[in-house]
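Okay, structure first, notes after.
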Amino acid sequence: MHKGRLEAFSDGVIAIIITIMVLEFKVPHGDSLQVLIPIFPTFLTYVLSFVFIGIYWNNHHHLLFAAEHINGKVLWANLYLLFWLSLIPFVTNWMGENNFTQWPVALYGFCLIMNGIAYYILSQILLKQAGKDSKIAKVIGKDKKGIISLVIYLIGILLAFYNPKISLALYFTVAIIWFVPDTRIEKTILKPDNR
Amino acid sequence: MHKGRLEAFSDGVIAIIITIMVLEFKVPHGDSLQVLIPIFPTFLTYVLSFVFIGIYWNNHHHLLFAAEHINGKVLWANLYLLFWLSLIPFVTNWMGENNFTQWPVALYGFCLIMNGIAYYILSQILLKQAGKDSKIAKVIGKDKKGIISLVIYLIGILLAFYNPKISLALYFTVAIIWFVPDTRIEKTILKPDNR
Amino acid sequence: MHKGRLEAFSDGVIAIIITIMVLEFKVPHGDSLQVLIPIFPTFLTYVLSFVFIGIYWNNHHHLLFAAEHINGKVLWANLYLLFWLSLIPFVTNWMGENNFTQWPVALYGFCLIMNGIAYYILSQILLKQAGKDSKIAKVIGKDKKGIISLVIYLIGILLAFYNPKISLALYFTVAIIWFVPDTRIEKTILKPDNR
Amino acid sequence: MHKGRLEAFSDGVIAIIITIMVLEFKVPHGDSLQVLIPIFPTFLTYVLSFVFIGIYWNNHHHLLFAAEHINGKVLWANLYLLFWLSLIPFVTNWMGENNFTQWPVALYGFCLIMNGIAYYILSQILLKQAGKDSKIAKVIGKDKKGIISLVIYLIGILLAFYNPKISLALYFTVAIIWFVPDTRIEKTILKPDNR
């Protein structure tokens, strides 16, 4: 139950974050297809950020599902992650409205990297509590994607000042890395006993 | 519990989607009844979209209630459905602000069709997992409304360029199709054992 | 569980409705106390509507707590109530921005009356299902406040064209009627067996 | 279950409050780092208010976790707390947009003090119901931080007219007081039997 409320609150916050970005699509004047073209970059950034937040929700789901003990540190580490997630709509819009120029793309990457770090902190605190033989240790232990993502984000931020399109390609790469092998992780969690 | 969190997150997102459309009713200047007339089309589209999202929530409710096994694919298929649902407020407002002209009505239909497809994908993934003798197979198996809806939407989109009012009438027809026999489906789910 | 999800979805929608009204407080220019004066009527309407939505949430809570069987009709009656609740922020703002003149005050009362009717429909459907000897029948059966509220709202709407301040006083009266004897109802529900 | 719904509704409202503040970051025109400077004070106030709302959520979590009996008074005391929490985004933005001048800083403190009082009322009502030997009495009984916070807020409000920066420092102090010993409280709750 304790865990349940942490999950419910996180679900609420993430649900709002993933939805409020859509409020930024200002309905254009005019009723032709042409008027939609200027908001197309904003739409693309919406898709990208929707996927990122979706990935975080999925991972958070798996992580908390494996977690058994929750304490004050976990609550704050979770709030810290929610804080950085809550900034994604802002950096998303700044990037979309400026057609993917240097600083907005770099700041977007910075926000992603901070989310990655916050997620890492949360998982480490849960790991420390649960111990090395726990279910959660199995999930996190085998998982080097977190570190790889942070490195790719860092390269993406640096390259934003050279060519922001490469940065975007790198951010997309991270999304794909997380998207694809989700099923594998899940098998690790769900095989032995639970459900 | 696993399923519970998927439901809770979906509830959160759908609750926000169904509510944020009301933020688009900009309070008009003036305090007479006349000032409400220009926002009346927006109000009508709000009602229509509220009903559509309500239908999806109801169906999602029945579908997930019958579901037993949830995995990563289901999470992503569910997020894909939520993505298309999240675009309904945008297409709703574009249609309302342009008094139901061709392109906005066609795009509205396109968004509905994409929602229908996303829902179909979700139900098929759940079906595949649960197997042919499952509770979920009974619900989906007898149900041809999904396919019929997609066909009607398609006709609606095409006719939008001829006469958008016919399209709207067709969209309303789909809403009524889903609205009416809801009780019948439910009986199928709830009769044998559960509750 | 079935009931649980209906409650969770309603909680989500009501939570958003009760909160988005605060988005209408546009931060005024200037940093003196004087600049807050023009938004004071908006603040008062926020308080009034917050209380009304709070009352509906409390009543909804008690009603659903007593409810045992949920079906498609209940889902739709509940959505119908949520629809009218979702219009409260709009009528609240229209009333606040026009300093409580005739039409806005009348429309506010109309929205309240429609909410009252929707709530009545929901309770009747639940009553019909549960039967005359049910827990829910005891709660609703003794309760004439619903009808009294509707009558007061109606008088309020009519008097809005004579003197809107009397209407507001009447709306406040209804709020107080519901606010005060909440404890009594609750005792009726919670005495015998549950908890 | 009764308690569960109170928690779920509160989670929904708090999740929205903590998230909508981010909607106030209007995306600036221009794509250089310089355009972010004017919104930096708004960002700082966002961080501060995020932390305060996070503290209230954590405390609410602990309080309700220890609570056993819920009645109508608790529902209203909880709504009263949610009401004052819902005003935090407004006072936050007013303060951020005026670069921390006297009245905005004082009103911010006033809102914090009202939240503190509302929380105190809620905890006292829960205490009265549960009795002196209850789990909740142990948590609240040892806890003098509530009173200390109110005193510091009061000093902060008064000093805002002399030097608003001292007020801000005092508000931060309260945040730190609550932030740090959270773990200690938690031990008191979670040691004996539950979980």
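By letter and in written order, the chains are A, B, C and D; residue numbering begins at 1 in each of them.
The rule we apply is simple: a residue touches a chain if its C-beta (ideal position, glycine included) is under 8 Å from a C-beta of that chain, and two chains touch if they have at least 3 such contacts.
What you are looking at is a predicted structure, and each value in this text was computed from that prediction instead of being measured.
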*asked:* Can you report the angle of the rotation that maps subunit C onto subunit D, using C-alpha atoms only, to the nearest 5 degrees?
replied: 90
_Under the over-half criterion for shared residue numbers, do copies subunit B and subunit C use the same patch or different patches to meet?_
different
*Whole-Å gap between the CA centroids of subunit B and subunit C*: 26
*Between subunit B and subunit D, what is the separation of their C-alpha centroids in Å?*
37
*Scan subunit B for residues touching two or more other chains and write them down.*
8, 12, 15-16, 20, 23
*List of subunit C residues in touch with subunit B within their complex*: 1-2, 5-6, 8-9, 12-13, 15-17, 20, 23-24, 69, 71-73, 75-76, 79, 82-83, 86-87, 89-90, 93-94, 97-98, 101-104
*Tell me, which parts of subunit D touch subunit A in their complex?*
4, 7-8, 11-12, 14-16, 18-20, 22-23, 25, 27-28, 30-33, 47, 50, 54, 57-58, 61, 65, 179, 182-183, 185-186, 190, 195
